[in-house]
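The first chain written gets the first letter, and so on, giving A, B, C and D; residue counts start at 1 in each chain.
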Amino acid sequence: MVTLDEMSAEVRAEVARVRDLVARLHAELPRWDLVVWTAGNVSQRVRVHDGEDLFVIKPSGVTYDELTPESMVVCTLDGELVDGTRAPSSDTAAHAYVYRHMPEVGGVVHTHSTYATAWAARGEEIPCVLTMMADEFGGPVPIGPFALIGDDSIGRGIVETLTGSRSPAVLMRNHGPFTIGKDATTAVKAAVMVEEVARTIHVARQLGEPVPIDQNAIDSLYARYQNVYGQPAPAQR
Amino acid sequence: MVTLDEMSAEVRAEVARVRDLVARLHAELPRWDLVVWTAGNVSQRVRVHDGEDLFVIKPSGVTYDELTPESMVVCTLDGELVDGTRAPSSDTAAHAYVYRHMPEVGGVVHTHSTYATAWAARGEEIPCVLTMMADEFGGPVPIGPFALIGDDSIGRGIVETLTGSRSPAVLMRNHGPFTIGKDATTAVKAAVMVEEVARTIHVARQLGEPVPIDQNAIDSLYARYQNVYGQPAPAQR
Amino acid sequence: MVTLDEMSAEVRAEVARVRDLVARLHAELPRWDLVVWTAGNVSQRVRVHDGEDLFVIKPSGVTYDELTPESMVVCTLDGELVDGTRAPSSDTAAHAYVYRHMPEVGGVVHTHSTYATAWAARGEEIPCVLTMMADEFGGPVPIGPFALIGDDSIGRGIVETLTGSRSPAVLMRNHGPFTIGKDATTAVKAAVMVEEVARTIHVARQLGEPVPIDQNAIDSLYARYQNVYGQPAPAQR
Amino acid sequence: MVTLDEMSAEVRAEVARVRDLVARLHAELPRWDLVVWTAGNVSQRVRVHDGEDLFVIKPSGVTYDELTPESMVVCTLDGELVDGTRAPSSDTAAHAYVYRHMPEVGGVVHTHSTYATAWAARGEEIPCVLTMMADEFGGPVPIGPFALIGDDSIGRGIVETLTGSRSPAVLMRNHGPFTIGKDATTAVKAAVMVEEVARTIHVARQLGEPVPIDQNAIDSLYARYQNVYGQPAPAQR
């Protein structure tokens, strides 16, 4: 297997930059109350010219106080460790599957954030009843299948659910949200926003039914937001 | 279009003071859990003697860690950029509309705070069943119309709902709260208080019906609070 | 009216000590999420040998960032300002009434903490279904009457409800909790604990009915806790 | 009774190390919102070669700001104070009972965390409907009996409920969670996780019924997690 030392200076510099970014982005997860203890992980793809892409991900079981750029691990898109002194996150196979099958995706995030996970536990998609949700998600947040860890089931469930969907977030049943984006920052934003809409719409429904938003209005809000903000949807939809 | 450099030293000094204030007030929004990521915005009018008023507002898509006085942008009451290196908030047109049509308003705040937005999603006004709500709002917090971003619909909905109302807050349907005040500090306080009463009354109603407060008592509390605290209601009511 | 300068060195030293304590205790209110903005207030009695007692309380409308020992105000038990450059809290009359009518009380706290205020909005006492509640409150937390600010109604409602009750907390209807203690620290603890039990029992009841605790067990827990911890109940019960 | 000074240098060094660890771990309780004021306690066993084990626990009624390694107290497994200047936590007898009867347990934690305590108030076990719960708990979190403080009732209830259970957490009825682990860090993690699953499943059930997970899938997730992470279950199951 290739090692980082054998790669070009350009790749090594990009890996270093992404390690720093991914380490810093992990701090956003406890900041917005999306994770407890060591749960949750962020990764970003490293595009390699004339070679196989890599990605940088959190090591397994490390607390949020210990996350440094050096502790981040580097993997191939098959999930094999290329560089790093710790074992990669136990969700590495799912991240790797997404990068292999969705070439436009540059960042993946997984959390067990409370409200998104509660919708996932009921296997119920989040309806699009807020303008901010129309902006960011362009419709409901879909439910992915129940899948056990250990093979490609989780990755496949994410890819099958998000392909052809406007939503950058999927709620894996009985498990929790996975989000994608053109880079890790965008995927972290989607993780923050899916919890925000999951919580707000949960609270709204506790005392009655939210007023629906017309599909035309949803389409209009989504189109405007994606253009004005210049952020193409992660899966080039 | 006029630039800041062409204005009097007095106006430039006031703009600098307001930039500093508005930058600092943005820190109150995450502090009281009213916003996530880059959502939410605060603005304050700059009154210009012998000329057109201006207002200072947050730039678009900037995180709460990056907000400095220099990054704040200055606009005319038509929402045109007068000074600043970034694009103004996408809610600038709504703020501008309010300043044009409510001359007594000196500050505007918009958030997607969870509980206020949940009432907005159901299109249900918040009933006045707490003494602190009678103090601050003088009655229920009203619902504004559903309005798309992109023209004056949001601004018009705010102005039409709040004109003649005691409440400094309106819940725009399926969207979230906008608050007004004689200055930005007062409008931020109203944004904090509308979430506080939205949350407390939501929680109260989860297990039954709150006891109503007599209209006479509401009127008495409101009159006393507005006088004792010497804060004239924003719309000169 | 007497001024602080005319009092003995001993009283002046005690006032200085209590000012420092009361300023520091105010920081506990936002720390435990009991207040927003400038809401809430803590006071402590200053016992004066051979003279009239005083108490130290928060000034009106000052934010939690600005609270210093110097900004605290000193009042007589009639609520008249003795020392301080700001107007006392608008709840000063209620604190003063409690100190005049409950000589064993040395500290009073008022907040609008969310869950306690929600029970107050429904006018429903909090049932004693947790061992920690039996320890601290010895039974249910009672509801006080609806009372307008401006005369002695609030203070009288507090005193009438807490006299003969084990509970150091009363939920004033449609208003919020007031707590008492042998000193301000004990009253702050009661304010923290009343929100804790209000929240936990609210959550428990959202999905069914809590199991009752036998009165004998409540009595036993209360007796043990009050003795072991050596803290006589505020009203010498 | 033996004193710390009479023990070997090795034991004294280990006690010093554990005092430091237990003091630091207490900071995790307020960090993850598991406790208010002085509630909650963490202990860790000190294994003594050729002698009786000891354990280190928090002193009674000390605030989370005051917790230093020196303030931690050292007890025998009968709950007798061996070293320390303060009285041990009032839950010391329960911790001691667990250490006496579960030799494989090296750490015990007790909190009144809101959602776990709410399930305890209803006397209702938490069903295993999340993959993270299958990983960590291997099934439901069980309810322990109602027990008064003052004798071995609480300790006996913990031991009887957790013996033969996969769960490292028990919800003592009308009281709150106790958790165990091979050391204090593991027991603190269990305290964080029991609140996490209690909250998420509470929220899920507020709007319907979670989808059950097959027992086979629960067994598979639990077996994998306990092996991959190399953490033998606390009770040597």
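The working rule: contacts are C-beta pairs under 8 Å (C-beta built on N, C-alpha and C of every residue); 3 or more make two chains touch, one makes a residue touch a chain.
What you are looking at is a predicted structure, and each value in this text was computed from that prediction instead of being measured.
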| item | value |
| --- | --- |
| If a chain touches chain A and chain D alike, it appears here | none |
| Shared interface numbering between chain C and chain B [over half = same, under half = different] | different |
| Rounded Å distance between chain B and chain D, as computed from the means of their C-alpha atoms | 46 |
| Geometric centre distance via CA averages, chain B-chain A, whole Å | 33 |
| Chain B, residues touching no fewer than two other chains | 206 |
| Pairwise touch network: line, ring, star, complete, or other | ring |
| Chain pairs that touch, as defined at the top of this document | A-B, A-D, B-C, C-D |
| List of chain A residues in touch with chain D within their complex | 36-37, 39, 60-61, 90, 112, 114-115, 117-119, 121-124, 146, 148-150, 173-176, 202, 205-206 |
| Parts of chain A lying in touch with chain B, wherever the complex brings them together | 32, 129-132, 189, 192-193, 196, 199-201, 203-204, 206-211, 213, 217, 220-221, 224, 228-229 |
